[in-house]
Amino acid sequence: MPRPRDRGILWPKPAVNPNRLSTPLASETEMPNTLRRRYRKKRARKSGLPPGALVGVGDALGPTQMTRTLWSGEALREDQVADLTDIGTPRPRDAVTWINVAHAHQAEVVRRLGEVYGLHPLVQEDILNHDQRPKVEDHGNCLFVVLKILGFNDEAHELTAEQLSLVLGPDYLLSFQEVEGGATLEPVRERLRAHHARTRQGRADQLAYAILDAVVDEYFVALEKLEDHVEDLENDLLSTSRAAALPIILQLKRQTLFLRHAVWPLREVVAELQRAGGTLVSDETRVYLRDLYDHVVQVMDMAEDLRETVAGLLDLYLSTLNLRLNEVMKVLTLFTAVFIPLTFCVGVYGMNFRHMPELDWWWAYPALWVLMVAVGGGMVAYFRHRRWL
Amino acid sequence: MPRPRDRGILWPKPAVNPNRLSTPLASETEMPNTLRRRYRKKRARKSGLPPGALVGVGDALGPTQMTRTLWSGEALREDQVADLTDIGTPRPRDAVTWINVAHAHQAEVVRRLGEVYGLHPLVQEDILNHDQRPKVEDHGNCLFVVLKILGFNDEAHELTAEQLSLVLGPDYLLSFQEVEGGATLEPVRERLRAHHARTRQGRADQLAYAILDAVVDEYFVALEKLEDHVEDLENDLLSTSRAAALPIILQLKRQTLFLRHAVWPLREVVAELQRAGGTLVSDETRVYLRDLYDHVVQVMDMAEDLRETVAGLLDLYLSTLNLRLNEVMKVLTLFTAVFIPLTFCVGVYGMNFRHMPELDWWWAYPALWVLMVAVGGGMVAYFRHRRWL
Amino acid sequence: MPRPRDRGILWPKPAVNPNRLSTPLASETEMPNTLRRRYRKKRARKSGLPPGALVGVGDALGPTQMTRTLWSGEALREDQVADLTDIGTPRPRDAVTWINVAHAHQAEVVRRLGEVYGLHPLVQEDILNHDQRPKVEDHGNCLFVVLKILGFNDEAHELTAEQLSLVLGPDYLLSFQEVEGGATLEPVRERLRAHHARTRQGRADQLAYAILDAVVDEYFVALEKLEDHVEDLENDLLSTSRAAALPIILQLKRQTLFLRHAVWPLREVVAELQRAGGTLVSDETRVYLRDLYDHVVQVMDMAEDLRETVAGLLDLYLSTLNLRLNEVMKVLTLFTAVFIPLTFCVGVYGMNFRHMPELDWWWAYPALWVLMVAVGGGMVAYFRHRRWL
Amino acid sequence: MPRPRDRGILWPKPAVNPNRLSTPLASETEMPNTLRRRYRKKRARKSGLPPGALVGVGDALGPTQMTRTLWSGEALREDQVADLTDIGTPRPRDAVTWINVAHAHQAEVVRRLGEVYGLHPLVQEDILNHDQRPKVEDHGNCLFVVLKILGFNDEAHELTAEQLSLVLGPDYLLSFQEVEGGATLEPVRERLRAHHARTRQGRADQLAYAILDAVVDEYFVALEKLEDHVEDLENDLLSTSRAAALPIILQLKRQTLFLRHAVWPLREVVAELQRAGGTLVSDETRVYLRDLYDHVVQVMDMAEDLRETVAGLLDLYLSTLNLRLNEVMKVLTLFTAVFIPLTFCVGVYGMNFRHMPELDWWWAYPALWVLMVAVGGGMVAYFRHRRWL
Amino acid sequence: MPRPRDRGILWPKPAVNPNRLSTPLASETEMPNTLRRRYRKKRARKSGLPPGALVGVGDALGPTQMTRTLWSGEALREDQVADLTDIGTPRPRDAVTWINVAHAHQAEVVRRLGEVYGLHPLVQEDILNHDQRPKVEDHGNCLFVVLKILGFNDEAHELTAEQLSLVLGPDYLLSFQEVEGGATLEPVRERLRAHHARTRQGRADQLAYAILDAVVDEYFVALEKLEDHVEDLENDLLSTSRAAALPIILQLKRQTLFLRHAVWPLREVVAELQRAGGTLVSDETRVYLRDLYDHVVQVMDMAEDLRETVAGLLDLYLSTLNLRLNEVMKVLTLFTAVFIPLTFCVGVYGMNFRHMPELDWWWAYPALWVLMVAVGGGMVAYFRHRRWL
């Protein structure tokens, strides 16, 4: 029977995406800078509590949803878990169980799953704390993996990140998503429904690998979109002087900093998974993990290239700005320089000396015009000759 | 019976916080730059003395205060130690003793504890020397841990640091604070008083872990405040040109340098604690230390991000300053450029040639005004067209 | 009998080189920037597919061509494989087989070879995915090597890259080229045809070494051409101010980034080949691999030098631009400074005071000219003396 | 009987300190730059000689002085060794011998000690060559340690360095100072004279540790003084624009480069001493060496901070210079901009048109003054409003 | 009997030094840039050839000269080898043979020595290819060492480099110089002629060490000269603005890049020699190699310092250039600012208003002069007061 607390699972999903890292392209003063604010609040809320205290500290306020998939040979059953007491029912022998928890921020759900599957209190705490670095921990009876699902918000031109925690046991896999990872896990679920897919024929470790592979594939998509964004900005900087580029560049710098913390530990995670796991990871799966490792290294290469490109953007911006300003100043200075001697000329014949013979010559005035045009034209020609203009 | 020297324990606490790293936001010439001065004085006082000489070299001038907590099963006793001879009383079997020394700068107190608990002379020296790098030393019968408690002075916008030394034995924990660490250790003490807390049920190593965890939690708070400060400064730099930003940036650079020395060795300390300790650290606690290790790595990530951000602040400051100056210079140069040809025009008709037909035309003067307005307006339009204005 | 699908092998080769990394020297806005676009499309096409899915993701649209070479002692036979079923024919004992696949983007060809030679599905996938990092994998029965063939497009002044995959078995070598590697493998084939060549006398590992050696030799040629290009650009920057240099420098930066990803893993590949391979690599060949390793390290040195030189190009460009602009501004400012006091002089005698005795002196006007020439000449002389001019 | 050569020991000490690294604060052209010159001369003198050739290559021209200290239990004897033959006298059993050689540049002295104590020819060469990197060598029967004693010349504001070589045997310690290390070793000698000092109770290894500790303590003093100097310079740069700062900054850069070579290998030396030494270093001393290791790491931190601060000085200098210049230029340009339209106004009424009605109005002249004051004042007000002034 | 080819050995030595790296101090456009050109040609010539093909690719066109030295106990014989067949004569038992080949670019000579001493084809190829990185290879029966002899061309102010290859066998040493290393090996030969020299008493490994030591000693000389050159340039940059400095700085950067490739692998070479060699290197020699290792580390320190100094030269150059230009601009702007209000003043009294009472006052004109002198002087005084002048 569902307890009152469980009804909270049906709370409506908030309209705004709470995982937006920040809002680039907006003015800096109004920039919500969500990445840092979110990070900060979480930690501040936790400080002073004993370690292992189960407090949901994520901002993901959508309704917690649990999906359970069981398969064994030909049979496969999928259902939504609405009642927490339902989890503890004995599993059929030889079957593999996958429980996916979306919007995993309710301490009660995690505690119940922890009881059933024997999870260490610290693992339960880490699942609820959505601010973990990617890592893998070997707890003997299970492997605990934390990683980030990266996305790219096409409108705000920014990376989005949500946490995915996996608990891999001998015949079960628990996955906890910070929000509902949407498209990322769907292909895996599709493949599982197909009879002859390799994912279906393997055990829980093959499923874990399939999820990791799907997540890393998403990295390529997100990073390629970010690359596009950076490249567009680069072209903008080369063609026009955008005064508003400075906050965007700062924002990109923060994103690459964040990227580094999300991607670099991932390599260690996959390498660790290959080594660790005892009987939890089969040799067959290890070959696939080696392939995944190669992909992660490629993602790191992309992230590193992005970091270098973004680091060069500020230099590029200031250079082009300088070039443009210099051009303006040079043209104006040349313009002034042409008029300076001409003004001197007309000044000379504005003098009131009594004895200035030129003043009485009738052709003096037109001659002076000719002279001045010649001087002005000569200077322009000289400047052109020296390639100053 | 308290000896006269022990009365010194009751000296009043000084009004100013002696641990302020420095005073940012003040003008550089008056900046006390406390971090370096303090560092320097300490060392200068020690030079030439034999190693192991017990001299209190901290600036913490508050009264030394000792708090003793004993617990065993259900029973728990807390008291203030006023008499040094009192320390040596035999401890009840199976009880765990925690002696916390605040304002640990009196050589006599440390020497007495050293005698009772058999501390190596170098350990005693290091406890009194409040300028240690974080480190852990395995002395066989005990583990000696040094670390820094970080805080953030909200008024002076600066990090504060005090040293915390722990000596972990089989059934005792000695902790020495440079000043009275205030809020940091209070939650640990609270949890100890609760009957069923894990900290209470464990041995001395659980208590040591709880203290380390509380200290690292404080790091998050302090670093998040520093991040806020840096971010505010960044926004200031983007919106207005603050000439006074240079000393603040220098000050922040020093703080990040200090941070590196405080945080980086901490990772080694926690890793070492996991490996070392023999029977002093139980396997149960080791699992918790692994969790602490993750936290420390996160702190390092934050500190590293801060370092990179602060390193970019000077570039940012100079860039915005340059942008703003360039804007001023460009406007003024354009302004000048508009008047230069006009001044030439009026100069022409200021000439005294006898034969200047224009001078006699009655419409020449208004026509010249029309011409000049046209030239001036045309130039402004051209500048706007070229996006120079 | 050739099946219909195989006729696709005869598709005409595209006129444009699909492996061009990018088009430098063109304006940035129109720059196709092929490297990134290509990279992106590939990955986007793959995302969501199960690992090991065989989809040709290269852009190399030329007809797939298979060349088979068998030799054993004196005998050597070369032929084009037109029928896929032909591959499975039993190989003569003691003979070494080399199958080279050019334009390796047809999944069917790779799958058939995979069946005959027992290749792991992930190896088959990697062969078709032309976006791998250089790597070596030991699959027990065979070694799988991926590397890049570098070239230099003399017209577009840019590096070209194609992927080469090698599968080294006990008595066979399979090589898969992204396009037809043209001149790179031809010398190896020539040497194989010669009776007494060392390559001919060895087994498959000697052939693999010969191919690797030929590829690395091509690196030297490509990098030396790129070095020439960079040096020409450097000389251009020193002699004239090319406003168009900025996009070219950006382009070169991207090429050096790419180079790093192509060259750095290569060292690991060759070192791994020396260590791994069990009986697949003979001791004799290992000595040659050590020599190859030295060559790769030299290539890395060249690539690293290039990277540093290119990194310095932007500084160099901005410096020379600044120097030149400064020269212009200085000359113009000096020019203006000379005329400023002269204009003041003529202004003085343009005043209309009734009592200005100088105005009535007949020699005042020529005297003023003498004075002005003296002042102007004196200033120029002073500027020259101060080395400002 | 003292041989004639030994009389050289009594040569007077030169007035100038030969160990000054360089003379900052002087103009660059006259800077003696002693560090590099000295370094160079030494090496040039040695080139071409066989390895192990004993040639005194130091510049330390003071008289070589040998001090011998023997102690055993209660007894302690100190004397000056005036005769080289005196060294070979048999040492009392159980006694520890310490021979300190100041101004160690006479080959004869080193050769004689080498014979008596069985030193390898290369050790003898290294003792005489005062240009060694800090290092430790285990020669089985003895440990050979080289390190630098750092000082700070308060007048010239520069680091001074002299070499100290130690040879640690089972019951003897030989120490060779480049010059007379003055205050550095005196505290050690004092402690040795005290009956109950730990240094006195230990063997030769305790003495070696005491000397190393005294040397590292001196590092703190020297580095703190250099830090003061750098900080003073930083404050100077922030408050005034010192044109002479460039050579001083260059000089400081060289000092930090030198510092790195003096300090970084030191860590290896102390770590090596802890590991090596067999029976030469007792376990008791090893504990103390661990403490010394911590000190060396702190010195490295200080040196690293100094390096970063000095590296930032040039940026700081150029920034403040730029800020100041920009301020000047801006004020002047604004000043000019105010007068430009005023000059245009007066130019207008300097024209000689016959039909200029304003010229005849009697109030036109004062009205123009009012207008011009209004325009000028308005512009200044506008500039202030825009915060340009 | 000398064959015709051997007569080539007597070809005259070319007048120009073919090892000059480049010609600094010349204008960039005419800079031969020998280092890169040479490097490139060599490799281009080799590409496409099978590995191990013996082609002389050096530019060293002097006559190949072979010198043979045999010694055994008291006896020592030196002669020039004019006939290649002469090499194969059986060597006396217990004798050590040293064959030195200068201008080692004739394939025939290397092939013959290879046959006699059993050298691997790749070793023979490497000896002829004068573009190797420093390395050591253990071929079981012999050690193959490649290193660079560095020199400094005092006229062209540039490093010169030639390759030296050593083959160390149990009782022989073969040395191949790219050109005739002149002064470098002469001291070794001299010492060999002396009866009691350690080099003479040792075996071939002592000779190899003596040669390595002589080569590294030359490094000190070359680097010290380069340091002098850099320091002279630094002083030049501080005192005058040399527009020609840019190509020289670029040239120095290339030299430091080259230096890194020549010096850094050397450390590995010497460390490898200490470890490797089995019976080829005696324990006695290993002690000397450790000393050599220290020297190499010192050379690396020097090279690293040079690199940092040269890297800072461009900044220094631009800074001083900027300072000087700023000074000029500031003076001129101040100069202009003084005249601007004066020109306004004379403009005022150039107006033609009928009612300007001042025009009629007889003392107005001199009073205006007094006013203008006062204003001008006041401004100069103000600028001086503000320290702008």
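To keep things simple, chains are lettered A, B, C, D and E as they appear, and every chain counts its residues starting from 1.
We take it that a contact is a pair of C-beta atoms (placed from the backbone, for glycine too) under 8 Å apart; a residue touches a chain by one contact, two chains touch by 3 or more.
Everything numeric here is computed off the predicted structure, so don't read it as measured data.
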Partner chains shared by subunit C and subunit E (touch criterion as defined above): none
Separation of subunit A from subunit B, taking each centre as the mean of its C-alpha atoms, in whole Å: 28
Whole-Å separation of chain centres (CA-atom averages), subunit B against subunit E: 46
Sequence positions of subunit D contacting 2 or more other chains: 329, 333, 336, 343, 347, 350-352, 356
Chain-level touch network, classified as line, ring, star, complete or other: ring
Chain ring listed from subunit C, with subunit E in second place: C, E, D, B, A
Interfacial residue positions of subunit C with respect to subunit E in the complex: 187, 191, 197-199, 209-210, 213-214, 217-218, 220-221, 224, 227-228, 231, 234-235, 238-239, 287-288, 290-292, 294, 297-298, 301, 305, 308, 312, 315-316, 319-320, 322-323, 326, 329-330, 333-334, 336-337, 340-341, 343-344, 347-348, 350-356, 388
Subunit E residues within the subunit C interface of the complex: 28-29, 33, 36, 39-40, 43-44, 46-52, 120, 122, 126, 131-133, 135, 137, 243, 246-247, 250, 253, 257, 261, 314, 318, 321, 325, 328-329, 332-333, 335-336, 339, 342-343, 346-347, 349-352, 356, 358-365, 368
